[in-house]
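One chain, subunit A, appears in both complexes that follow, with subunit B as partner in the first and subunit C in the second.
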Partner chain A sequence: MLSLEQNFPFVCIILSMATGILCAALKPKKAMVVCIANLVINFILSLLALRYCIKVGDFTVYWMGHFPAPFGNEIRFGILETLLATGFSLVMLLSILGGLKHVFHDVDESKQNYYFLMQNLLFASILALIYTNDLFTAYVFVEINTLTSCSIVMLKKGRETLVATTRYLIMSLLGSGLFLIGISILYDITGHLLMPQIKESVEALAATGAYKFPLEMIICLFSIGMGVKSALYPFHSWLPDAHGSATSSASAVLSGLVLKGYIILLIKMFYRVFGLEIIYSSRVLDILFVLGILAMTIGSIKAISERDLKRMIAYSSVAQIGYIYLGIGIGNELGMAAALLQVLVHAFTKPMLFNTAGAFMDVADGKKKFKYLAGAARKNMFAGIVFAIGALSMIGIPLFAGFSVKYYLGLSALENAPRVVLSIIALIISTVLNAIYYIPALMVLFRKTEDTEKVVFIPKNPDIPYIISSIVFVIANFVFGKFASYFIDLIIKGLGMFA
Partner chain B sequence: MVQGLFTNYYETTAMIVFGIGFATLLLNKNIIKKIIGFNFMDTAIYLFLASKGYITGRLAPISFEGMNPTFENYINPIPAGLVLTGIVVSVSFSAFFLALAIRLYKAYNTLDLNEIIRLKNMEAEEE
Partner chain C sequence: MFEGLINFVDGVSSADNTHKPSKKKVKKYHHHEKTITERLEDDVLNQKSDSFDKFYSVVAIIMAIIIIGSLLFTVSFLPSFGDPTNPANNIVSEKYIVEGVKDTHAINLVAGMILDYRAFDTLGESTVLFIAASAVIILLFANKTKKEHEAEEKEEQKYENKNDPILRHGALLIVPAILVYGIYVVLNGHISPGGGFSGGAIMGAAIILYNLAFGDKSTSEFFSFKIYKRIIISALMFYAISKSYSFYTGANQIHSIIPKGVPGNILSSGLILPLNICVGIVVCCTMFGFYSLFDREEI
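Showing the complex of A and B:
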């Protein structure tokens, strides 16, 4: 007999999809209320599910449609999945609150309810990617995720976003094509779609040494497919356009959560479909490690030469995604835990920066180039302080969340001798590079100009939802900075029941 | 090796068509041709799946009078289900992509992606 909490992950997914469809029939304001209510309920349910998982200390397999293992579809969750879902629902809620004003300004009035529809469907698909235990379900939700995120980018008025959407769509389609062919070949050689059954077959195949080349090929296809979709370095070209031109809360959600969904799916496939031994022997982690380091440095170098605030933040995402792949590539449990901590920390920091960039654009007549933004922080000191906290966290100053990630990445690298030198050098270089573009950005924003003699703390007609969401984001940032060891323990416990 | 390619000619064809579609989607500069390439790519995967589900000499899993309904008589129905799901996904993406192509044409009066990007960069510089 299932206890009540074990139903919550499934309820969360279905509720998000149902409220999403409901939004299509509602007026924009009502759709907004439905969307926010859904996210609040999701947050509470995920938190209860997390509490249940910590209490029981074991994972749950939830059958969809009452068919037993090799035939039915499954949801599976433990501490890690529920922790991620809790964090993501909070981030989603705060990102949407923080950018509400811009949504009603940027999106055509007849399409505003579709924005909330897309956000709800997007959230449902991210949850499904976190919870699902079936590869083909994962594929379907990857596609829903792509479709909704492309639509969110395109929803903004004007033709600026069209090219960005086209690039995003093409790269995403290439990635999901590779992912689908990978699933097809894997189904062909194992005969299963559920992850535990595939793992049994894969282990049996690996023991006999049969199908070695196709298996390596499949690992390659999955890694490249998910790498393209999560903007890993050589495949990142679509990201700055898409994240730089969308409306601010859409950018926040896209870089805070959407990129992470694919990475979590990739980690899940490493653990549950292939098993870590096969992954270690296939040397795919070496490649991810190198690409992660390249992303950390080249993403930051690109950000330095950027003259547009939102595009600079977007390039910073490329570098931050590099940290996640570095953690995965280090190849021990602490490294994986640090990578997952970075997933959470980046999810809480980047939306704050994007929403704050939106607040700066408000006081600068909607412009986002640095030359128009000089002194913007003096016109809205609150946003200036929030941006400074976010920037310092990204650079990795102690006390802030970004520092704890770097600390644990370094610590995990120390346990793996062959990678320690490269990892530490990469961490140092990337920290310096982060400082090189965030500090000048802060200097431009706080510069004293002719029309900003007097400092205004909060401009007239304050944007209350943005202020509330920023305060919560800042608190969350300090929580991650101060209590990182608690989260690392929780994630390591979760990884134990993940495989 | 080469003989394997000819014995499994369905799979070989599927992979070649997948490659053509992938390259067209990635490299061709015309948006409509890109959409065609995308459909090539997905269709190749369906061919691959369908050929994997078919077992020579067996029937579609439908039972009728005078037929012994044991699994030895039937082909594997799951790939067909996967193909159907995949078709739904690729239809919705084609629709979305075509809608995007219409908006691009209205905005820039061309479907050549290089030209569109050039026009967009010119606008961005003027700002």
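Showing the complex of A and C:
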């Protein structure tokens, strides 16, 4: 008999799926209430599960059915998984709250309940990717993730979103396809689908030297597949279209959470399917390291030449994903912890920026090009301040969350001598490039124009859910900036349970 | 880069007075000034292939050949098909074959595997079908008014086979038989080959054939959008709730109260029979939903 808290991760997944399915039958307003209630419950349950894991200091294996590991499905969680689930449920809740007004404006009235349906199922799939201990379950939920995330892009009316969705769908399916090929080859040479058993057989194979080439190919397929889906640099071309054209809370969720689900799955496969020794000897981390650096610089350069606020923020996501891969590629425990801290920090910062971009579009008649947005921050000073905080955090000013990530990335690079110089140079260049596009964007947004002589702090008919969510996001940003060492300790403890 | 930055700030400040940027600038930011749809139209309409395009296609072909080659090379390393010493023939498949009937009380081992050993995956798979149907609804569902309906019906009467006597009589004979066969395949999913996925596909085919022969109106008398939503949601909810009971009891090692019955009987193997029915309903609804949405943008 397990204790009550150990059931919570499973309850979270099933509850999100069930409420999502239920939304198909509800009116939009009721679907909204169900969706938000589900996320609040998820947050509370994940927090309790996190507290339990910290108290016990050990992981839990949860059978999904009556059969133990090699025969039935199972989920497995420790500090890291529950920490990510807690953070992600809070981000999901706040992003949906922040963009609520736009959903009811952007989406056709008869289809608004489908928005909440897709968001709930998307969240269920992200949770399942975080918790699963079975590769095929991971694939099933990758499929759900792909379909739901394409749907929430498509829900906004207009031709632009259809083109963006088509691109997104094709690239995303390419990623899932590579992942599926990888799973089938892996099953062929190991005969297992559950991660602990695969790891045993992979270690045995590596010891005898059998199937060396297929194993390297599998690592390659998994890394590229997850790279495509998480918009790692050369595979990022779908991201700005999809994230730039969706409704603001959908963009927030897509860049804040969906990209991260795949990265967590990749890290999980490195730890639990192959084991770190095989990963280090396969040199895949070198490639991820180089691609991470390229993403950090080229993503930012692309963002500099962008004329459209939302697309600029979307390109900034490419650069920020680069930081995560840089951390993975540095190849020590602190680097991995810094990468996971960046997963959380970016999840808390980017949705804030996207929702704020939505607020600016509100005061500029729905336009998102910079030339129409001049002075928008003066029409809504609250959003302006929130955007400034987000931008400063992205650049990496001390006190804000972005700085702590860069600090720990630098520290971890110092421990791995061959990569020190490249990582530090990349971090410096990327910081400068971030400043080059975020500061002019702030200058444009805050510029005094003819119709913005008087500064309005909050426009008439204030969007209360957006204000609440932004305040929580800002507080979270400072918490990550101030107490980063606490989170790093927690993540390192979690990584200890992870393998 | 820095020139671009200066142009960027300049461009914004000049944009207030005149919304026309100078010609030079348009040329410079050709790519970024356009929306996605404009760029797509550009690509489709002006099919001038410049040197970059040629380079791109050559590189793409080379890359594809390299990827295909390396995947084929990988396949050559894999264990040969059907060899009894393959890694896939391990304790897992042995347990499924030897103890499957004892564990799940289902004669059909595949049903036992997908609906008992690995039921969580199948819950995900049926949800995938539901999501796919919902995505097509988002994409294609049109809220037609009554007038539009009538106009469309008139237009389509020319092409539809509604009054074709051969089709109608043929369908009248075949449809009930197909439907009964589909129900048989679903209900006997745990005893004989078949199950929810295959039986559901057969039932969906029967309803599509009925729709083709007798038209939308008579189909919507028993299969409207409302009914579609109700049965697909209740099937999935039943799956989620009943299976989470069994997940809960399994993980906590509590004795499950669901009776298993005698293997081989129609009422046996615990939850597998009702779950097969649920999956069958979901597959049937999804099949008909896809057909109907692509055909007339409605269910």
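Points worth noting:
What we mean here is this: the second predicted complex is superposed on the first by the 499 of 499 C-alpha atoms of A that agree within 3 Å, B and C clash if a C-alpha of one lies under 4 Å from a C-alpha of the other, contacts with A are read in each partner's own complex, and residues count from 1 in each chain.
Here, contacts are C-beta pairs under 8 Å (C-beta built on N, C-alpha and C of every residue); 3 or more make two chains touch, one makes a residue touch a chain.
Just so you know, these numbers come straight off a predicted model, no measurement behind them.
If you put the two complexes together on subunit A, you find that subunit B and subunit C bump into each other.
When the shared chain is aligned, subunit B and subunit C each come close enough to touch A:I181. Subunit A is touched at more residues by one of its partners, and among subunit B and subunit C that partner is C.
Applying the stated contact rule after C-alpha superposition, one finds that A:L173 touches subunit B and leaves subunit C untouched. In the superposition on chain A, A:E143 makes contact with both subunit B and subunit C. By the touch criterion defined above, A:L94 reaches neither subunit B nor subunit C. In the overlay built on the shared chain, the residue A:Y62 is in contact with subunit C alone; subunit B does not reach it. When both complexes are overlaid on chain A, the residue A:L129 reaches neither subunit B nor subunit C.
In the superposition on chain A, contact is made by A:V163 with both subunit B and subunit C. In the superposition on chain A, A:A314 makes contact with neither subunit B nor subunit C. In the superposition on chain A, contact is made by A:S151 with both subunit B and subunit C. Of 5-13, 23-31 or 41-49, the subunit C stretch that intrudes into subunit B once chain A is superposed is 41-49 (criterion: clashing C-alpha atoms).
In the superposition on the C-alpha atoms of chain A, the part of subunit A touched by subunit B in one complex and by subunit C in the other spans residues 136, 140, 143, 147, 150-151, 154, 159-160, 163, 181, 187-188. In the complex of the two chains, the subunit A residues touching subunit C come out as 1-2, 7, 10, 14, 17-18, 21-22, 24-25, 62-67, 70-73, 110-111, 114, 117-118, 121, 128, 134, 136-137, 140-141, 143-144, 147-148, 150-151, 154-155, 159-160, 163-164, 181, 185, 187-192, 201, 211, 213-214, 217, 241, 245, 301, 304-308, 370-372, 374, 436, 440, 443-444, 447, 449-450. Contacts from subunit C toward subunit A in the complex involve residues 1, 4-5, 8-9, 11-13, 15-16, 19, 29, 32-33, 35-37, 40, 70-71, 73-74, 77-79, 86-93, 95-96, 103, 116-121, 123-125, 127-128, 130-132, 134-135, 137-139, 141, 143, 229-230, 232-233, 236-237, 240-241, 244, 246-254, 256. Taken together, the subunit B residues at the contact with subunit A in this complex read 18, 21-22, 25-26, 31, 34, 38, 41-42, 45, 48-49, 52, 78-79, 82, 85-86, 89, 92-93, 96-97, 100, 103-104, 107-108, 113, 116-117, 120, 123, 127. Taken together, the subunit A residues at the contact with subunit B in this complex read 136, 140, 143, 147, 150-151, 154, 159-160, 162-163, 165-166, 169-170, 173-174, 177, 180-181, 184, 187-188, 193, 369.
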